[in-house]
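By letter and in written order, the chains are A, B, C, D and E; residue numbering begins at 1 in each of them.
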């Protein structure tokens, strides 16, 4: 079995990179709005379907379709947050989190209402893997990996160098002082609801690229997202990337020691292990 | 109580470095010093809220360093908080009852299956709570949630909490700050009375020097995480180092 | 008419809880005004009321004739009032440079110039510009907090116990900084525990007790006053 | 029709038990437990296995269910004692998924995804379906009343007061001399025991359990029930559970207005309705239909 | 016992008299109507949501056709559709409503084995006939007293037939890969037995459903160099596995059940990925009236096995009720085998059957999914199997057994 180790490692890195994008979205929302937004599941599905409309119905190539997925998932994220979740935030993080679960049910079924349950696939050519010695990699995966890296770089750049990005980090870091310094926390909240869910939507489509999508697409990878965010430390964006890598690589490598049917258990074990030693995850609560 | 070489840092800033002092049984000892001198941190370490990095705390000959807060409480040492920490969903009366000692109803099985015992104890505690509330002039707000109290009332409740537990030693963190002078005087008197009549030992952090002068002896001065000196109030007040540390240096 | 005029301010955190029971304070450009008094007297609450973090229930707070009462903290900040809270007054996970940039959030065009000004004034900050604020020592952090406040070129600066937890040396350095700010024409209102030091620093001072003005006057006179010594040392 | 009402009421009773269990852990103890379905499953499996392959009588199955769930609850709580709410939420969610994975994969023990059928119900074969429904309802209702009485007594007792204090501010409660760890573990274990009991009732009532039943959806329903009913309020837990079952079952009768739509669309619309209704309840009554109230001192009623 | 539906015979007068009042009363009060009531219970949401909607539509088309042609037993068929949510817990609540409120005498279309197992006892206890498409062997072994009929060949039979096919194609190393399902382990055991008999290797792997990639799982299974891989999952995960196997550069043969490698999967994947993949199913009666009816009702060229089966469920229920002269559950149960098999006139749709029955003849229904003959425990017998090969993105017939 050990001969497969390098292959599993590569698989894990690719899975991890894909996982990182929605995890960044989830953790960014947590950092600024201070609640775990379980509606990431349905927003990933929204993104996947928006991308499908752009790609299959309008014939756009992958990258513009991803941009469209970002836009639509972001808008849905913003609007649903304003209507459903924002009024509840003053009643505490957990109340809001529970409402976000109800929101997930609503959004998933709105998609089902319009698109039905059929499996749908993107109109993108598939190619076979390329071999590098013992390890095979798919060009599509490399493309996804590259996309993931580009998106991560964009997110980091935006957070690091733009005015809004800095304001976002300031609110996450010290909301009271940010308010004193003139940052409109409500506006930042809206931006983060939009951008965070937009990233989750991209994640949904990136996952969908390799599979087929249906209204339950988002649910298929919601647990790894939570696991990754917690392992990395809720609210920490570098932590999200680190956590996603740990969960991604961990899940793929688990085949060496664990029945594949228990793959999801890896995320859980990683959480328990990390939290035993660091109750706030690997990178604590640092926003950046 | 003997506190020896307590050390504790936060994020690289040393809040306590080698704090050492003794509190004799039956005294009302004051712990004074400028803000940031480490008084509250010392309280936290003594009461088990945060563990010290090194050093030790002994109470009545037993080492209590590193015990959990409830274990320290069980040894007879209770404390109050500087900023009154109310339980938002508990009423004043419930808060007082909560601090009553030896309530068998806090054991799950007793509460479920022999409530009689718990009720009997509750009745005793209720009498005590009403007495405490009356003494602290909280009797008209006993049914209010603690969140709805004014700052001064919260302060009083802090003291009430300490009184309910019938401890051997009470650590008071700024018992009269934010309370009007008349009430402050009453609190001070009450402390003195408890000390004289019940033999309770007090360790008090306080900035109100009237109160300190009136009831405390000895006084311990802390600055920059260390014990500066220990002595009677007059000794302290006339000491140049203390004036420097506490009032600030001139020029 | 002074720059800051606070008259008979009544405020508290909850409706049941009135901490300020009628406090009046005023301050002018180029002077340091110290607010002193025992813990719980309402000193910090007063600053919060001025900065807009608490709504004054009665009384008026005006900056150069324009009322501040009822404005949100960021609107107060826009009028040129910089408030430095006692705690959590920097962004711990952001670099020094970014802290300053956020400080100048309301005046984006002037950020560059002001930051270089501040680096000139506080070489320590320039040196550590890329480091996260959480790595600073207590004194350095207070300097950064003040520097963040300076980023908007305020007319009035409110400092809440800036010397808390600082060593004497750090305190003296910080006070030097405050003096230089005063000298630049800014009105500084500071709350202090370090009473005599504060009186030494300030031109004027108010002593509050139990939410009301107790004594006020020139700092040098107050420093010699028996009443003041009593308030702080009981003697 | 009547039979259906009894059956819906039985489900409402099982939901109410679940809500009461969660109320002890979350409402009274402040510990979020999104792993509810896991304890529900543990109880269901324990009792089903004990009474089918174990051949034991149903009451022993119920006791085993509660006991096993309590044990697991205590252990999980011990393991997660230091975690903050949102972390705890995700860890417990992972726990329930782990339980489901084990139930699906350890065929030797749980019969895998085939599930366990023929779980005995009390006098099921001797009674008509209608009478069995009535009996089940009576038994579940009795259990709800007993558990309600027990948890309400605990809530009013000094035990509940201390637990509430810990929920509000555990440092201050510790300083007040309350052993936080003991209280939290007790509350978690007790709540888990109730969840396990509910699982056992579920199995004996429907006669069949399978891993698919214990997907997180049911946890969501119960949390929504408790939030709608009033977190921390024992009676509210029951009211909320009944409200959620009414929404779930009542929404089946929306059919009439939607005759132009296809089957999927109707089903989707029904679930949208459920979600919107629950969010609306939370927004309109954020503290729940019956907000938590302080019980006052633990004395006999007449003396109060 | 007031709620029990024991007689649901034709009672025209009450229908007529009650008609006006019924329109004015809410559905909930109409529970014990005297109309003929059938219920569909398919997965409209949840994992099975891919299949359930068309299953429902296929069944409903039968009822609509019968009603349009004058109804059944002098009345018209009322049908109620509920959603299993692919979740036994929700399905139990749904079937309760169907039985106790709507008073249906037939429930048809349950898909997931766990759902069927969960609702079955409620059906047989209430004299309700249950038609299902679930494959788990354990279902027909339940003590159902004849109240279950299954149109899906049981999994033992399916796997044996498929394994034989793989050996016939000259497999020198078999592999099975699929999620944990009620028939995962039995599938592996059967294949392993067949492989051992043929003296070839057999590798298997059970993965976790609902993952977005199975690359590592595929790598693991390919280590044994199989030349014939059998898929054990459903449509969603099979899409992923097929893609991953193809991308891994596998050149051997693949086969999967027709419900997993279905038109939507073929649609979602590029043709080259599915090229040459074998599928198998209980042979549908392509070209029959029934099959054509389903094609028309669903507007598709290739009818998926489950929709064909629910179409037959509906037809069987209608014909059994007509033959018994009683639309009650026990009557349908007792009459089922008299119209599904035997020497009667062979008919392929309900309308034709009703005509024959009306004229006093007897029928042998043979529907869209095949001949629909049942053994004593309700399993389908005499099923022929159809093997297709996917060529150019569409199935083409390969072999019929």
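Descriptive notes on the structure:
Keep in mind that, in the parts below, contacts are C-beta pairs under 8 Å (C-beta built on N, C-alpha and C of every residue); 3 or more make two chains touch, one makes a residue touch a chain.
For clarity, every value in this text was computed on a predicted model and none was experimentally measured.
Considering every other chain in turn, the ones in contact with both subunit C and subunit E prove to be A.
Listing every chain that touches subunit D and subunit E alike gives A. Subunit A and subunit C have CA centres that are 43 Å apart.
Subunit E has its Cα centroid 74 Å from the Cα centroid of subunit B.
Centroid to centroid, with C-alpha atoms defining each point, subunit B and subunit C lie 31 Å apart. Residue positions of subunit B touching 2 or more other chains: there are none. In subunit D, the residues that touch at least two other chains are 101, 104-105, 264, 267-268, 271.
In subunit E, the positions touching at least two other chains are 44-45, 49, 52-53, 180, 206, 208. Taken together, the subunit C residues at the contact with subunit A in this complex read 51, 53, 73-74, 77-78, 83, 85, 88-94, 98, 101-103, 105-106, 108, 148, 152. Against subunit E, in their complex, subunit D makes its touches with residues 1-5, 7-8, 11, 101, 104-105, 107, 112-115, 117-118, 128-130, 132, 202, 206-213, 215, 217-218, 248-249, 252-253, 255-256, 262-264, 266-268, 270-271. Across the interface of their complex, subunit B is touched by residues 150, 153-154, 157-162, 164-165, 167-169, 171-181, 186, 190, 232, 292, 294, 296-300, 303 of subunit D. Residue ranges of subunit B in contact with subunit D, taken from their complex: 47-49, 68-71, 73-74, 78-79, 81, 85-91, 93-95, 97-99, 101, 103, 105-108, 111-112, 115, 118-119, 122-123, 126, 143, 145, 161, 165.
Taken together, the subunit A residues at the contact with subunit E in this complex read 1, 3-4, 7-8, 11-12, 15, 109, 112, 116-121, 125-129, 131, 136, 138, 140, 207, 210-212, 214-216, 219-221, 252, 255, 259-264.
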